[in-house]
Amino acid sequence: MIRRSGFDVFLPTLLGNAPGDRKDVGLADAIDSAVAFINAAELRDIVLVGHSYGGMVITGVADQLAPRIRRLVYWNAFVPNDGECLNDMLPPEIVELFDSLVGDDGAMLMPFPVWREALMNDATLALAQEAYAKLNPHPYKTFTESIVLATNPADMTIAKSYINCTEDISIPQSLGWHPRLSEKLGLFRLVQTPGSHELCFTNPALLAQKIMEAGRD
Amino acid sequence: MIRRSGFDVFLPTLLGNAPGDRKDVGLADAIDSAVAFINAAELRDIVLVGHSYGGMVITGVADQLAPRIRRLVYWNAFVPNDGECLNDMLPPEIVELFDSLVGDDGAMLMPFPVWREALMNDATLALAQEAYAKLNPHPYKTFTESIVLATNPADMTIAKSYINCTEDISIPQSLGWHPRLSEKLGLFRLVQTPGSHELCFTNPALLAQKIMEAGRD
Amino acid sequence: MIRRSGFDVFLPTLLGNAPGDRKDVGLADAIDSAVAFINAAELRDIVLVGHSYGGMVITGVADQLAPRIRRLVYWNAFVPNDGECLNDMLPPEIVELFDSLVGDDGAMLMPFPVWREALMNDATLALAQEAYAKLNPHPYKTFTESIVLATNPADMTIAKSYINCTEDISIPQSLGWHPRLSEKLGLFRLVQTPGSHELCFTNPALLAQKIMEAGRD
């Protein structure tokens, strides 16, 4: 849908999540892989979209490639300041759960009941199962390694948007994504939509529309 | 609409709210009446829905009949832990209002202006009046009597959902239903919908759809 | 649309905002100009709508002309108690921004990037520009002068509604319009709608519908 609207869309897989990748990669490695992708493809005038963990990565990319980026779009995504890691923005009970799930290879996979109730609460059971089957274990060091930034998001002069799915309970809403994390962006544009953390599976057309509303000038 | 979708629907009236019932019944009496209904009808595989005060009752029922219940659905409903009463979850100004409204028979009826503005804010005046005429004075002891639970909701292994009407101001939203009370459920599924506390009157078809989304596996 | 529904609609321009007005007028002057308009037109049975700063003005008018007013409708509007000024309800960083923008004539105009991202976040760039071109510098003394009220809003017996646009980030939502300011009204009716602070430009038909829902008995 975004392509049909005339945009070029690129979907790089971050280091640590591609088939065959080692699972001991950290956040800096993942950021570097995105920077390398952008450099290799010689992309400019980029609307850079990050979802969830992806917010860590686009923040790191923006810190290195600011002049190439037209706007940052965080979609229920983490917004780190210099020295923070993803787990710093989670409540202790979720960190504890994640800690308990890490395998010997350093990778972590959400248990299905949590995925179904807290991340795909707007899906049928069949769709939640189908999406779960596509997941790959996540390199946990990307959640525990602190980001190194020259400039914090609020001080970046790049335009910024935050898309908030109003039924996203992947983080308890007493803590929440927005406004707790969105307001770390300084001046930003808010776009909201009904939907869970995984709107990409439950209503991709609606998400595409919201990404375009968030990404326009 | 739920029946047309193929489900059996049962609508028992709790003790204290049926025509002719004594108004000095308490919470344990009301819970017992629901348990008796389920036993008499030999129901199994139940999706048990509780609205508002009904959250007290379904929690007590689940504590006694866990193996019969497939999922608990709280719709802008109270979620008690062992030893709590409904009034413990209300702000003091509402408890004071309720206290002042109790009659000699132990029953309490909301004044119409509060009903119209704070409970049926999405209705026409005519619909608010029509619905108000159907109310019966409520046995107040069900609000002041503490629940006795062997297991708190967060520790129950039954699946749980919470439906939140986003315009429900029957409790001031600075305190609110969700996430304050919903998060007492532990792992739960959130379903939200536009609407007031009395969506059953203002948009029953939308409510039915949300109950089915909340109630599915 | 509201006129087509059979209502008389009046759109007085407050003193300080009409072409040629001095920019050193204060809040009491602006309130007096609205009171004078109502008196001159001999209006009765009024549903009085105030948006943003307009909430200061309708509160002041209601304090003087209570018997003429059927209902107050605050739309993402400030709700003052006696002795408060508008800036008292803003976070310090916004007051600082405003202070820095005041010209020699006492007027203040929002910079375009703030207008586009934080007030018209649901608009196209073209619409945000078009609307910005219609703005006139605002007499800042209306934001710094405290209101004088005989009766605070919660104690007024006039019916009250609050319309909240759920994507309004003109005040950071960690602080917010609703419920922080709406609950100063005491008993009130909540009406919510998707939209930014400037829904009047981005979806006037939807706003008109919500004003009628908020304004009905």
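Labels for the chains are A, B and C, by order of writing; each one numbers its residues from 1.
In the analysis below, contacts are C-beta pairs under 8 Å (C-beta built on N, C-alpha and C of every residue); 3 or more make two chains touch, one makes a residue touch a chain.
Fair warning: this is a prediction, and the values are worked out from it, not measured in the lab.
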Touching chain B and also chain C, the following chains: A
Superposition rotation for chain A onto chain B, Cα-based, multiple of 5°: 120
Interface sides of chain A and chain C: same vs different residues, half threshold: different
Inter-centroid spacing, chain C versus chain A (mean Cα positions, whole Å): 37
Residue numbers of chain B (touch at least two other chains): none
Residues of chain A that touch chain B when the two form their complex: 113-114, 117-118, 121-122, 124-125, 166-167, 169, 172-174, 194
Of chain A, residues touching chain C in the complex: 159, 166, 178-180, 183, 187-192, 213, 216-217
